[in-house]
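In the two complexes below, chain A is the common chain; its partner is chain B in one and chain C in the other.
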Partner chain A sequence: MRVSITGWKCRNLRGGLREVDLDLGSPPRRWTLVQIPNGLGKTTTMELFRYGFTGAAIPPEVVQNLRADDTVETGQFELRLSLDDVPCRVVIAFDFRSGAAEYSTARAAERGGGLEPGWLLPEGLRDLLKRPLVELFVFDGELATEIRAVGKDRATTAIEALYRLDPIGTLGKQVERLVDEQFKKVSSISTAREESALRRLKTEFEAARDAHTRLIGQQQQFSTRKAVLSSRLAEVAADIEAIMASDRGRQEQRGTLQGDLDANLAKVNEAVASAMAALRSPAQVAPAVRERLQRLGDQLYTLKLPESISREFFTELAGEDQCVCGRPISDHERGVIVSRSGRYLAEDQISVINQMKLALRDNPSDGRAYVVACEDLEARQRERQTLNHRKDRLEREMLADGGERLTALAEERDRINAELRTLVEALERLTTKDPDRQKQLRLGWETNIPLCQLTEAGRRHRLETATNMRLFARRSEKLGSIIRATRSKALDLLRERVRQATNDKLAVILRNERLRVERITGRLEMASDRVGSKESLSEGQNLAVAYAFLTSLLQDAPYKLPFVVDSPAVSLDVQVRREVGQLIPDFFDQMIMFVISSERQGFADAFYSRDDDEVAYLTIAPLGGGAVDVQRGKSAFRDFHGRDAS
Partner chain B sequence: MALHPDLVTALDHVLARQQGQSEEFRKRFRRLVDNVVSVGRVKDADVREVLDLVVVPDEVGL
Partner chain C sequence: MTFRLPIGARDFFRIRGGRPFGATETGSSRFLIFDAFSCCLLLGFDRRRHGEKDQLEGQDFLPGYPDTHRGQAVIYAGLLVDAELARKDIAPEDRGSVEREMVNLLDLTSSTRLSEAGNDLLNLYAASGFERLRDAATAPSNLEDFLIDYAQLWRVRDADASA
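Now for the complex of A and B:
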């Protein structure tokens, strides 16, 4: 983008800036020499240019210091620009009473060119125009001798801003931000970001996966063994039965005992059902419980009647000749019945309590049903125990008389049953999903399959999340390193380009001693053909280096910026001035130079031979009372004898 | 706004040293830099697209 200054206007500002309107034309001439004596607002104008270009907040004390005199309360500065040939105005309105400074902007392409509040230069320029850079192209010539060290990294910062390396740095930060955002998203699942943490998660997941595999293997092994044993148990039981069947007398007794046991079991079940039914009715659990419930019922019975139903009763009773007990009712008693009826009435919810009262009072149970059922159950259990003892004794006798074969079969059956019990317990430990049972058996993910499945799934999820996050982070690191390398390499190339261009100019300007920029680090490191490193330069050399560097910096940038300089040659000897005046202007598309009359010799007069269409000469002369006269033309410029003239 | 020649050279130089990266990544990365230099900023989605194309060596393996 090409940025040109097409004019500026001041109103009610101090120095000679009470009423100044300088129009440089559009497009402006390439070089503008503004001859202005000291004290007529040169420094102020330069500073207002910097504010106009940066849009920075202006402190109240600065605003108040701009006031022309006590007769004015407001003032204004207007910077007129051309942005790629599109007019733009930045206006700063000052209120000297409050110290306020308000920016507004008029852009031809926006809102028909009307003023809008705010500093509204195009986006790319807004990012670019920061104070350190603006100070390099709205340049105080008296600071030129310090340019090599002004702001330790000014040179690098300027290259980065001008050549658009800053947005590449922003891109790197954007990548870092994306990683942080992603990390926050998954941090509830896994906080693993480093490789070591990822390896730990992987080890934990593999442990759960291996445990799951091992437990499934155990389950299969136990189930197979259980099936084999169950099958064998059936065979052994059948063999035992077959042998025992040969002892007919005992076999009949055994059958009878088994029939009794079956009948007993039915009675046990009936007793259990009765006990459970009794348990569901609180009044039947125990006489003491029933007694307490009935006491509660009696207390509830004295409670009030439901109002909406019962009020009518009292009203009707008061209207009768006789009471419900048969006694005559007098007028006094009628009044008392009605007036005291409220004591016995309550809200309708009381009907629920009434139902409870009735239920408790009308229960015919003696409250022993549960106790009786439990006693019956205990009797059936004792009976069952006796029958089992008798049957066991009979079977032991049958086995004792059954010979070695039956004894061996019985022993085998007992062994199988013992092993089956162990297997069933082991399988329950492996497979139970009941949380209470898991807790009771003190099971964990290493011993119980459902718990192991849960742990494996959780660890897999964490590992996958962390792996994806880690991959994302590593990709980001890689991309970040490529971005940094690109920016760094570009900076090296640009610094070298600027360095070489600076040295080319220095070779022309400084013929006596061939100074050169050895390196652009944060600052300019100098060397000469006489000494390797040269830190101490004369004032003229410093100025030549400064202009050679500034022009080299700005001349090739994507943004073509104007170069505004105050007192460009004041500290140079005439010969160097002449060379600076002849060489440097060619490097800028627009250069505005504020000079005092003493700078004409050598510097300004180097322009006299240039094409008049390319040079504008403006001379600002004081008229008194803060007013100035602006004279245009070479002759007025050349002949002006200001108070600064040497 | 065209990229400055030094920036183009820097991109060539750096990308030439990224042996494991795909042509698609190189193309998208150039476009990303071009956009950010021209406009000043790029969308997160554009950055994520380029991130997805970055190749990094397998570190742990599942």
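Now for the complex of A and C:
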């Protein structure tokens, strides 16, 4: 982007800035020499340029110090720019009473070019134009001799901003932020970024996977054994039945007992169903419960509850102008009615109580149905116990008389049944999915297949997350290091380019002694062909180095900035002035130079031979009372005899 | 909050796969978790003392009455009112206080016919009743034994009351 200054305007500011409006034209000439005697606002104008370019807040004491005199209460500074040939105005309005300074901006391309509050230069420029950089192109010439000590950081900052290296730094920070975000996202699952943590997660996952394999193996083994035993049990039971069937008398008794047991089971089931039905009707569970319900019903009848007047009646009454007795209802009474209505049952609550009263009335039992059903159940249980004892005794007698073969079969049956019970329990422990049962049996992932599957899945997920995170972190570190190296390399290259360019210029300016910048470190380290390292430079040499460095820094940047300099040659001897005046201007697309009359010789007169279309000469002369006269043209410039003329 | 089991009730009633005593029956004779809850509840009402919130499980086991008990909602509500009147020692003839209790505990619009406060109290009474059940009987191994033990508990209670 090409940035040019096309003019500036001051109103009610101190020095000679009570009413100044300088128009440099659009496009402005390449070089503008502004001859202005000391005390007419040169330093103030430079500082206002810096504020205009940075949009920085202006302290109240600085604002109040800008006041032309006590007769004025407000003032203004306007910096007119051209941004890629688009006009733009930055206006600073001063209120000297409050010390406030308000920025506003007018851009032709935006909203019809009207003034908008705020400092609103385009985004790229906003990021670029920070005070340290602006001070390098709105430059105080009297400080040029100190430029060698601007330091590496200042030079680095300027190079980064001018050559747009900061997005690389931003990219590095974005990568760091992405890693942090990703880490936060997965930290609920796994906090493993380190190799050791990854190994631990892998070990944990493998333990769960191995346990799963082991448990499945056990399940298969137990299931196979159970199937074999069940099959054998059926054979043994059939053999036993076949042998027992030969004892016809006992077999008949056995059949009768089994028939009685079946009938008993039906009666037990009936008793259980009766007990359950009674249990689900609280009034039938026990006389005590029945009595309580009865008493509550009686209490409600005695108390005439529920009230026939409901809460809603009072709420509605409070909304009326008059009471039911015809008296008017005051606001106070209305409030009391509403607040006390909360003590009455609402209509829905009345309905519940009426249902309750009805339920109690419709329930004429004596409250013993459950207990009676359970007494019946208890009797059936005793009957079943007796029948089972008789059947067991009969079978024992049949076994005793059945010979060795039957005894052996019965023993085998008992062994198989015992082993089957163990297997069933073991299989339940391995396979139950019921959380209650898992808890009751104190099962964990090492003993129960469903729990083990859950653990294995969870650990696999954590391991995969951690593995991906670790990979992500390693790649991010690599990318971060590439970005850092790129930035560092770019900086080194650009610094070297600036150094070379500075030395090329120095070779032209300082022909007597070939000075060169050896390194850009904390400062500009100088060397000479004659004495090697050279720390002590003459004032002229210092200034030459400063301009060579500054111009080299600014000239190749993607942003073409104007160079505004105050007193560029005041401390140079005439010969060096002439050389500086011949050389430096060619480095910039726009250069505005504030000079005093004593700088004309050597420096300013080096411009006289240049094409008049490229040089603007402005001379600002005092008229008294803070007013100035601006004269244009070379002759007025050349002939001006200000108080600074030597 | 609707129905919440007392802590320990799952073990006592051998609740597995959502069924107490490993019940395999279907239909109306199947013993439900709510049957277990209501057995606790009746004992809690009878004690006229409720338990504490930390005696309850962290989650509800049922959002409302099952079909088998829905018709008894007002009876449970009545028993709660009766227990609260007794617990707070409200005189039977104190009409205002009785009405206030009902205002606090009842709500026709709720599926349990109870207000939120009433519902919370119901669960706390179940906790108290389970405490009594566990003190009086060992965990039964099957439904038949439980039904008989539970009936015995009420028989003893009635005998004590009439003694």
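Here is the rule we go by: the second predicted complex is superposed on the first by the 470 of 646 C-alpha atoms of A that agree within 3 Å, B and C clash if a C-alpha of one lies under 4 Å from a C-alpha of the other, contacts with A are read in each partner's own complex, and residues count from 1 in each chain.
Rule of thumb we're sticking to: a contact is a pair of C-beta atoms (placed from the backbone, for glycine too) under 8 Å apart; a residue touches a chain by one contact, two chains touch by 3 or more.
Keep in mind that what you see is a predicted model, and the values were worked out from it rather than measured.
Residue contacts after overlaying the shared chain place A:A283 against chain C, while chain B stays out of touching range. Of the two partner chains placed around the shared chain by superposition, chain B is the only one that A:L178 touches, whereas chain C remains out of contact. Of the two partner chains, neither chain B nor chain C is touched by A:K267. For chain A, the partner with contacts to more residues, out of chain B and chain C, is C.
With both structures placed on the common chain, the touch criterion links A:R295 to chain C but leaves chain B unconnected. After overlaying the two complexes on the shared chain, residue contacts for A:R199 are found with chain B alone; chain C is out of touch.
Residue contacts after overlaying the shared chain place A:R334 against neither chain B nor chain C. Contacts of A:E375 after superposition on the shared chain: chain C is touched, whereas chain B is not.
The contact surfaces that chain B and chain C form on chain A in the two complexes do not overlap at any residue. Residue ranges of chain A in contact with chain C, taken from their complex: 268-269, 272-273, 275-277, 279-283, 285-289, 292-293, 295-297, 299, 302-307, 342-346, 348-349, 351-353, 355-356, 359-360, 370-371, 373-375, 377-378, 381, 432, 434, 436-437, 439-440. Listing the residues of chain B that touch chain A in their complex gives 1, 4, 6-7, 9-11, 13-15, 17-18, 29, 32-33, 36-37, 39-42, 44, 47-48, 50-52, 54, 56, 59-60, 62.
By the touch rule above, chain C contacts chain A in their complex via residues 10-11, 14-18, 28-29, 31, 35, 38-39, 42, 45-46, 68-69, 72, 74-79, 81-82, 85, 92-93, 95-96, 98-100, 102-103, 106-109, 113, 143-144, 147-148, 150-152, 154-155, 157-158, 161. Taken together, the chain A residues at the contact with chain B in this complex read 1, 123-124, 127, 163-165, 167-168, 170-171, 174-175, 178, 195, 198-199, 202, 463-464, 467, 470-472, 474-476, 478-479, 482-483, 485-487, 489-490, 492-494, 497, 558.
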